[in-house]
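Each of the two complexes below includes subunit A, the first together with subunit B, the second together with subunit C.
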Partner chain A sequence: MRRIPRPQNAIDLVTALSPRSQTNTWLCRPCQLRAASLPKPLTARYSTSTGTPETSDSDGEVQGPPYVPAQTWDGLEWFGSPEWVAETNRQPFKYKRFLPKQKSADPSTIRHAVQRAFIEVLTLREAGASPDELWKRTESAKDNPPGEGEEAKKWGRIPLTDFSLKFAVAKRAMQLTGIRVSDAAVFGVHSADRLIKLFTATPKPKNVTEKLEQTQALSKLPNVKVSPKKLTEIDKETEIGRWKVIEYELLQRGLPVTRMTR
Partner chain B sequence: MPLKALEAVSKGQNGVGAFILQCKRIDVHYCDWAGSSKGMNTFITTHLPTFARLNPSIELHISPRPTRHPLLRGHYINGRQKAVCVKNLAPGQILEKAELLKAGSGEKNQRINKPVASLNGSVRGVWSPFHGSRYRL
Partner chain C sequence: MRVRTSLSALTFQAMATMPAMRAPATMVLAFQFAGWLYQPPAGDQTSPRSNEQITRPLEELPSPPVSSSLSAPRLAALHARLTLSPRLPLQTLHRTLIHPTADPDPRFNNASLALLGGELLGYHTAEHLICHYPRLPMSVFFAAQDAYIGPRALSVITREWGVDKAAEPGGEVAPGLLQFRAIPAGAPLTDPDAPKEKIWNRGVSSRIASDDSNPRRSIRTEDPSENKDEVSYEQACTSFVRALVGAVHLHCGRNASLAFHRDHFLSRHLDFAKLFDFDDPARDLSRLCAREGFEPPIARLISETGRLSRHPVFVVGVYSGRDKLGEAAGASLNEGRVRAAAQALKAWYLYSPPEVTKPSSVEGGETGKKWIPNYVDCGEVVA
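Right, the complex of A and B next:
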């Protein structure tokens, strides 16, 4: 039986022509090709330096020292360690919150905050008067609650069709109130009063207990008891007044009261 | 004079004069995460307030049982308990199960073969020499 000759792959031919293919044998072929096209090998920063000075090629390309893979981590550059921070004189990173910790709960406060966000964004757009000055003017009319009267109607008429304005107002309102609103919800808003409603809306309940608290359907009934957490054996014994007896007897005998103390 | 107990004139029977519901408490367990509790979670928010209002003598305890199927557990005045798993059931079906627990006596399920069941062995009662027609020799 005659052996069928295997045709040579095109990539093998290209690799053979590449000048650095012999030195980077531990790299895969596509990476070798990519490294060959670059002025300096990609792996140079991971290698330890041999100390020989760099020589210049006749083409003007800078030829580095021959690549020697690092066997240990001695001499390699480290990032992110406390010593590295001290050497580079960097300021330690401080986490800055985008939203405040406390969420506003009062609807009138939220309404004020959204209105303030409007004023700030529009003032910055105009780049005329300062935002504080305009806000002080609006604050002088505090006696009239913003949720009632002609003022609320005026606010409702402000259109919100400009995407950049809508995004800026929503972002600033989030910073002022601490309430996070999804992009999809903001996308569907087309007027100022809808945006205010979006911020003042009650959040969706996360579980059944929260839902029952919101609806208040069972709270007024005397024969219903709702517990937010799973009832344990200790809870059941406490309910009938037997747990303190059990606990006393366990302590008297030197036995563990709960599993955690075992 | 020795102390003497009062003789029982009549024996109390539930339903004669007053009716006391045998079910004293129902535990309602659900899971916030699992899909088998979907119907139960809806039942708690929609049907349960009405059920609790209509049955003020039944104590209702609602508590989660995470990563477990939903459950109704009835407690009866004879000390027994009856638990019904209500996984994947619709709110209406769960209400039927709650009614079943409410109507139960707490006794074990028994097969009834006879058409008439009674606590007394005979409708004629126990024979007494002082009652009924007088016999003369």
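Right, the complex of A and C next:
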């Protein structure tokens, strides 16, 4: 079987954008990561392929005491218990979402978010000006929506051939908009306006009702009513007004109204 | 085992958002209560819950809220099926389907519209019959009117229009269904405990005088369909169709209501010749000839076949002088004579003028037609 070529992990791409790592091109990747003041990436820490023992010498021999497997758990570090939290004075772990809960729905907002992601990533790459400053310079884009005119043409001309840049921009735009876009979809994008289109595209409908609402072929008709759920016998009886009679009679006789549940 | 019961019959989960009802803003002033034993409490008492929206379960309402008619597919379909004018709003169409037994509130039921529509239907139909068949006897006229716009005809029309009935009226019922409180199955149509009223078979003159075509109705009592808690399907259908005619007249005008009447009621085929039932047509015909100054009718055998067989056929013609008034075939000479006389009478009574100007077609001067007086007959032959 042929190996499937796997792109680099996203977090590594972000760290790879830091200027320090770019200067030391002759160092190997783990050494670059170690040299950086940034915390070591998770993937690097747990990866089996790139993990080199820190205690290894240049000639490859391992120094220190020989490895003896533990027989008891004495001496092992315990963590996660309430006592451990009290001892170490730690803040309880708080889950932080990668994507915000709220998805942006307004196309102009999404467009601005993607542009902002571009500017932020490019700023990080250049590391000259702060992202806010750069964003303020392009605030005029809000007055003239980039959906039309010269601005749109300029955005369309930005090439996105650099894979790392494209990936970082996409991830940052996901964080800003809350819209999840698959890596495969990002892979096929080669210009900025295509990326914007990818984010502003209407999401795929989850069920028939959503699909019908999107197409508006039936929802516009006044004599058609699309129900979001399957109509039950109770719905049909309610529609003709008989359900209240049935329910009343069942209650009068002490019989279960809906099906029995254990 | 636990039994899961929904109490929606009593405290229904479905909640309808009613329009915000505000308490009347009446100002309470101190001098109004000067010297009174009762003194109003301190503070503003005018609108204690003005911003509170009152919500009630739909099932508590006697009929669906008017706002629900705008999103009702049945109503929209009915509106389109009857090719009603867009000037007739769905809210009014919804109202025509609510019988007073379902919702006694006159603002939401079809009582007023049905009253207007009933009068219009009667007027337009009577006008059509009198103008097109001026010699029609009154009994046949009443029968024809009943065949066109009687309760049975209107219930058939309702079914043909595709209007279904609701099993029980209520606010949760889908708008577009005919809502009324029906007489339970098997229940007696008349109250058995009520004192029996003498019902007379009324004559035509009495029916004309009381402006009521029903031949079997007590003169003293009122219409039995009024002021009842439960009505039959036929009565509910009648009120619906009448109310719709009234609504079309109110919203779309006289011409639209005339066109609606022509398209939906007069377009129905009615064989007038089958409505006649003569006691003694030969006598009636001779009276008619005497009244009109014709020569007395004489029956003559035109042709015959199988006189001595089991099924003889005699073709008999009734002549007045040299004019043949009618011709019919019979199994005997007498049957042929009677049938021919009946044929002659029908030909007389069913005369229809070739050109007719209805009074309603020139009312208001909108159509640009000129009024040409119609032929008026002196009346039926009194036997």
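The criterion applied here is as follows: the second predicted complex is superposed on the first by the 166 of 262 C-alpha atoms of A that agree within 3 Å, B and C clash if a C-alpha of one lies under 4 Å from a C-alpha of the other, contacts with A are read in each partner's own complex, and residues count from 1 in each chain.
Rule of thumb we're sticking to: a residue touches a chain if its C-beta (ideal position, glycine included) is under 8 Å from a C-beta of that chain, and two chains touch if they have at least 3 such contacts.
Just so we're clear, the structure is a prediction, and the values are computed from it rather than from any experiment.
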Clash-or-fit label for the pair subunit B, subunit C on subunit A: clash
Partner chain(s) touched by A:207 [first = subunit B, second = subunit C, both, neither]: first
Subunit B versus subunit C as contact partner of A:258, first or second or both or neither: second
Which of subunit B and subunit C A:224 touches, first, second, both or neither: both
Which superposed partner A:244 touches (first subunit B, second subunit C, both, neither): second
Subunit B versus subunit C as contact partner of A:89, first or second or both or neither: neither
Partner chain in contact with A:215 - subunit B first, subunit C second, else both or neither: first
Partner chain in contact with A:164 - subunit B first, subunit C second, else both or neither: neither
8-16, 116-124 or 332-340: stretch of subunit C that collides with subunit B: 332-340
Contact residues of subunit A, present in both the subunit B and the subunit C interface: 222-225
In the complex, subunit C residues that touch subunit A: 1-6, 8-9, 59, 71, 73-74, 76-77, 80, 164, 166-170, 172-174, 177, 179
Subunit A - residues contacting subunit C, complex: 222-225, 237-245, 247-248, 251, 256-262
Footprint of subunit B on subunit A - complex, ascending: 206-209, 211-212, 215, 217-218, 221-231
Subunit B residues touching subunit A - in the complex, by the definition given at the top: 30, 32, 41, 44-45, 48-49, 52-53, 55-66
